[in-house]
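In the two complexes below, subunit A is the common chain; its partner is subunit B in one and subunit C in the other.
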Partner chain A sequence: MKMSGLKLKNVIQRSEFAVIAITIILFVVLATGSDIFFNVNNLNSLQTSIAPSALVAFGMMLLLILGVFDLSVGATMALVGISVSTLLASGVSVPLAVLGGFGIGVLVGFVNGILVGVVGINPLIATIGIKFMVQGLAYMRMSNLYQVHPDFPASFTILGTGKLFGIYYQFLFMIVILIILSIFLKNNGIGRRLYYIGGNRNASRLMGFNSKRMIIIIYIVIGLLAAAAAIFSIARYGNANRYLGSGIEMTAIISCVLGGASLSGGKGTAMGALFGVIFMSLMTNFFNLFEVSSTWQDVVVGAILIIVVAADGYLTLKKNKELGKI
Partner chain B sequence: MNDMQDDLLKIKGISKQYGVVKALDEVSFSVRAGEIHALLGENGAGKSTLVKIIMGEERPSAGSIELDGKLMEEFHPNYSRGMGIQMVHQELAVFENMSVTENLFPWMADEGAVRSIKWEDYNSKAQEILDSFEFRTVVPTQRMDTVNLAGQQMIEILRCIYANPKVLLLDEPTSGLNNEEAERLMLTLKELKAKGLTIIYISHRLNEILDYADRVTVMRDGKFVCTLDKDEMNEQSLINNMTGREFSSTLYSRKTYKETINPDIMFEVKALSKKKVLWSASLKLFKGEVLGVFGLEGSGTDRLSRMMYGLESVDEADIWFEGIKIKRITSAEMVKNGILYLNGNRKYAGLLHDSSVMDNISLPQLKTVSNKWTFIQTKKLAGITKSFIERFSIAIPSLKACPRNLSGGNQQKVMLATNIATNPKLLIVNEPTRGIDVGAKVQIHNQLLNIASEGVGIIVFSSELPELLSLSDRIIVMHEKRINGEISGKDMTEQSIMRLASVRSEEVAV
Partner chain C sequence: MSEYTGRTLSSDVGRRINFSSYSIYFLAIGLFLFLTFATNTFFSFENLYSISLDISIQFYAIVGFTLLLIMGEIDMSVGSVFGFSGALAGYLFVKSGLPFWIAFLLTVLLCAGVGLINGLVVVKFHVSSMMVTIGMMTVMAGFKAVLIGQLSSRVFTGDFRSFMRMKLGDIHWTIIALVILIVVFEILLLRSYKFKVFYFVGQNSETAKIYGIKSDRIRMMMFVMSAVTAGIGGVIAASRVAHAAATAGVGLEFTMITAAVLGGASLFGGKGSILRSAVGLFFLAMVTNGMVSFSVDPYIQQVVLGLILIIAVTVDIVFTRKSRA
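This part shows the complex of A and B:
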């Protein structure tokens, strides 16, 4: 086998190749076609939309690799945002309020993990049920208020607005998580185990892997990441409202699938999730900057999603036929 | 082999019940340290179930296992693995989304949570393993889904061998390999045996067993039959023990064969082939006969049945029905021609488990029970359903009962009724009585013979020899993905068929 040929083929066959390619194309179009793309305001809003979305997408990616997913992340973000701002408003110190937010994330994740991993409820049903429960709790806390106490202490607001060399802390945090997850998924035994379990649950059982425990842990991780995303968001905007995180579960899943994940599990990378998110954010940006009706955005995103998934399915089918497996 | 050797593994009175099926019935035998111990038996004899229990993947209903004088206290794969047992699965336990290296070392994650994997070490270790086996067609970093089935099987075997087990269980490891690869594997097993490894080995290839096994245990219908020493092992003794069932004359009553077969061909498959799956297979069904197709695990019977009905793609095939070539081989086209396929796997195909029995029976003939406004005439439907329930003596609480809550035998009858209700011209049945009780079996056999006598063509694919013998006028036997021969009328005996099923025909002839 020719080494060089193999390498090029490997790059193209990497699951995140497609999304990186279309993201770069979109980037070039925006950079050359719009004079306000590199505007500081635009870059700022891109950073602060990408960072929290990417954190949630990372969690979703871990779940998708395992072959499950979570539709309750958006609701979790709302509940965490509202709870943290209520805590702050009632005078709780910043570290404690943040800790409380993470506590909620862990709790929701744990319950999801038990329902899916141990009780064995289909993740669609389990996490939708939890979504409604968590959402209900969030709305209850909000009662008829749209915003909760907007006067956050400065030491909290800095989490959302602080920058280092023009880059938001939250964006840097997201990059740190990206690096950690990438290493974890590629080079750590436990990270690899996600791929084993997601790739073939039955064989994993025969190998004696504890997939139940793994599912619980990863649901807790996505709960934590959703909490972090919520905290960064409310700190940036200075208020919490019940629409925080609404619909983010779908964009996260779409981002991950664009980035090479599959609902049947066993594949995907953190980098793929990030590029999926960047692509989605650039799409929004594109429709804003070129002043196209944003309703078209949904149509385009849907079409791209289906093309990417269909192409992947077609290639898999072809490969299996060549190998005489079907 | 000397008889003074110690027994390493003692299987004591192991039983395993799956619903009404007794997969294992008080099986007891011992395996000596350092021997290759073959397990032999027809499909469904319980071999896989037994090794799964040893591996801790299934829990026995009764009985115990001793390894090296110690009672195995738990049935869990980690426990068995900890005791030094490894197993090559009949249905491969490979991870297609991962590299060859990762498939060879699935336990590398156990080395520590925060440690990072030394890929170079693992890859070079993997390369060494592949080299030592002269397995040159794959590289360690290759993704497993780009490896063909034989290669995947090989990798699972290597994974188990290089985990340094004390006892190695292999469940039909050569079924996906070609002769050369199988030979290579057997030589390796011999080398491993010389190093003191104990091997339990399931295979349908008699030659392999005769050449390499030190002893063989034969199982039949979930029961232990005998353990033969090397000097007692020959083709004849093995075949006799595999098949030596006492015939219960009422259960499998031999019918009279159609001696003069009607020369009109009803259905013909010409040169059906698919690369790596099936060699060119041809078969004819004459008018008014019941044709049986027999083969041991991995011989390709199941896939042939599916492919000739268009349930799986083929590379090439011509299929003729009543003198006319079927244009496209799809199940829809078959149904249009009055050809139906009855799948033995009740769980996955053939029944709507949560719809009523009535709905199940009506489904294929919605046209006949609907009025001109396409509304279903419930009364007419109930009448038809009732007549079938009586005819097949299906025991159900009401017409509204769902198949999910019925016994396997009754499910199978509902399935057969559903099919026969449409007045098919030809019925292809695959394992019509797998896993159901004897009474239901006899009833299903009688129904099949009944409609056959009314002129419906029947092709039965079954791994149960007695069943085929009692149903068929002629039996086609498959071996290693090709049709190995056919036997008809009085020449059909368990022995003659088993021989065709386990030895390539050129070898049988001489």
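This part shows the complex of A and C:
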């Protein structure tokens, strides 16, 4: 498991190497090919698109390491965004409204965690069911909300628009979470356990790890991160709508897999998730700046995903053959 | 969990009623009776016919989807392929000026190619079918959007439009084909050795290989089957609305999963039948239909659908565990 120095071979074999390499290539192409890439507006929009997506992707990465995932995360963002703006519109103070948003995130995460961890429902089915329900609730609240289009208090808007030395608070927050998670996953005993549980649930149970509790906790964590992403987004754009977070579950899973995660669990890093997200955001930026019809973007992203998954499978197969496992 | 799924074909079949195999019939009959007595609108020929017509279109996609679930694999690209095939057939018909049947055939062939790619990647590289087909879902959604952009809401006329409207006697052919396909597949899956092996492959494809079953080839064929049936369904759906809709097939994979799981299929493979998946679709259609007649807020309908899915699976798991103890 341990990296023996910084030999080139080791660096290349790290699972997030591929995504970091193609992200850098994409960055260079954008930086040299487009005049407006370094424009302040473009950099601002990149920051505010990367930060919330990365927060969600971090949560998804933790789940994927455990060998599960969450398809309800986009719906959770919509519900949190709409609920927080409803609370603010009805005169609730900013800290309480934000707390309420996090409460919803915790609640959805807890239910997901119970269904997957304790009841034992396949995460695909459980979180799709919850996605339907949360989405339905979000749209119901939305239909109550759309008559009043509230102006958020300035102390709330600052969460989304405030900057320190040209960097958005939300981007800094994302970096802090990245550092915490990286240390947690690499050097913390509990963090290492995620890999053991994801790698082999039965073996880790025999070692006395409580995988049920871990699954519930991590689902709550992704609920919290989704809530944070929703709050930053609505604070930045000044309103909540039902499209908030729509489809983000797929983008997050794709980013994580590009960044070295595997649906079978036991693999992945927070840094990989971040670079997966940066790659996806730069990709959108690429299509915008070079004025390629954005409809082609899905084709390219999907094809890259299939190639990455196939290449990962091929390499694993080759490794197992060398080890004589097959 | 996979140890729970190997029950349907084990020696005690027949001695014990498998809850998950029959629950969908009870649910469907119960809801049918409830709606018949509780509403004035449900039990009329027109209403039941229109429900059947709706199902008969989605049904094509669920044939391949269920067969793939029996293999223990999943095809998340089914919705995108469904939408893509309608748009592609329309493009070939309107823009390339091909006769409808040629456009239809080419579209289905191309969908078969899409399924083959899914199958090859999953089987040859031993990777998760969910991941690969999410990739394919994204790719096909992209192609669909490109084609729809090209078509700029042109209306499909002539053969394309009348394809879905053809009738045998007074009944749309899609409904007749639905009944025939259900009967044929039910007989084949229960009686024919060639089809029974699907369940063995789904329970354990490696063991099946040892017994001389060509697991890999069967699994690959089912990926093709899933894309082909989704493609056929997509063309029929496009023929019905007579244009390429951007919403065609969106979220269809979730309807398929819900219906198939209600019908007793398992994501771990080895379980499921075409008939029960079709009843699952019918059940979902009745739920929507019933809620409309009770004028339930459409958003609560979503909440109810999610709740049904989770309760169905939880009950199934609880019962399976009990029967093991």
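The rule is simple: the second predicted complex is superposed on the first by the 314 of 326 C-alpha atoms of A that agree within 3 Å, B and C clash if a C-alpha of one lies under 4 Å from a C-alpha of the other, contacts with A are read in each partner's own complex, and residues count from 1 in each chain.
Here is the rule we go by: a contact is a pair of C-beta atoms (placed from the backbone, for glycine too) under 8 Å apart; a residue touches a chain by one contact, two chains touch by 3 or more.
If you're wondering where the values come from, they're calculated on a predicted model, not measured in any experiment.
Engineer: Give one word, clash or fit, describing how subunit B and subunit C relate on subunit A after superposing.
Structural biologist: clash
Engineer: With both structures placed on chain A, which of the two partners, subunit B or subunit C, ends up touching more residues of subunit A?
Structural biologist: Counted on subunit A, the partner with more touching residues turns out to be C.
Engineer: In the overlay, answer first, second, both or neither for which of subunit B and subunit C A:Gly136 touches.
Structural biologist: Second partner only, subunit C.
Engineer: Should A:Met207 be classified as contacting the first partner (subunit B), the second (subunit C), both, or neither?
Structural biologist: first
Engineer: Which partner chains sit in contact with A:Gly189 here, subunit B, subunit C, both or neither? Use first/second/both/neither.
Structural biologist: first
Engineer: Output check: A:Gly199 vs subunit B and subunit C. Expected answer is one of first, second, both, neither. What do you get?
Structural biologist: In the superposition, A:Gly199 touches subunit B alone.
Engineer: Is A:Lys267 touching the first partner subunit B, the second partner subunit C, both, or neither of them?
Structural biologist: Touch status of A:Lys267: first partner only.
Engineer: Between 21-29, 147-155, 219-227 or 345-353, which run of subunit B pushes into subunit C after the superposition?
Structural biologist: Only 345-353 shows clashing C-alpha atoms.
Engineer: For subunit A, give the residues common to its interface with subunit B and its interface with subunit C.
Structural biologist: Looking at subunit A, the two contact sets intersect at 316.
Engineer: Once bound in the complex, which stretches of subunit B touch subunit A?
Structural biologist: So the residues of subunit B touching subunit A come out as 55, 57, 76-78, 81, 89, 92-98, 102, 106-117, 119, 139, 145-149, 274-277, 312-313.
Engineer: Could you pull out which subunit C residues touch subunit A in their complex?
Structural biologist: Result: residues 1, 74, 117, 121, 125-128, 130-132, 134-143, 145-146, 149, 254, 257-258, 261, 267-268, 297, 299-307, 309-310, 313-314, 317 of subunit C touch subunit A.
Engineer: Provide the residue numbers of subunit A that touch subunit B in the complex, in ascending order.
Structural biologist: Those in contact with subunit B are residues 1, 183, 187-190, 192-193, 195-196, 198-200, 202-203, 205-209, 266-267, 316, 319-321, 323-326.
Engineer: For subunit A, which residues count as touching subunit C in their complex?
Structural biologist: 115, 119-122, 124-126, 128-137, 139-140, 143, 250, 253-254, 257, 262-264, 293, 295-303, 305-306, 309-310, 312-314, 316-317
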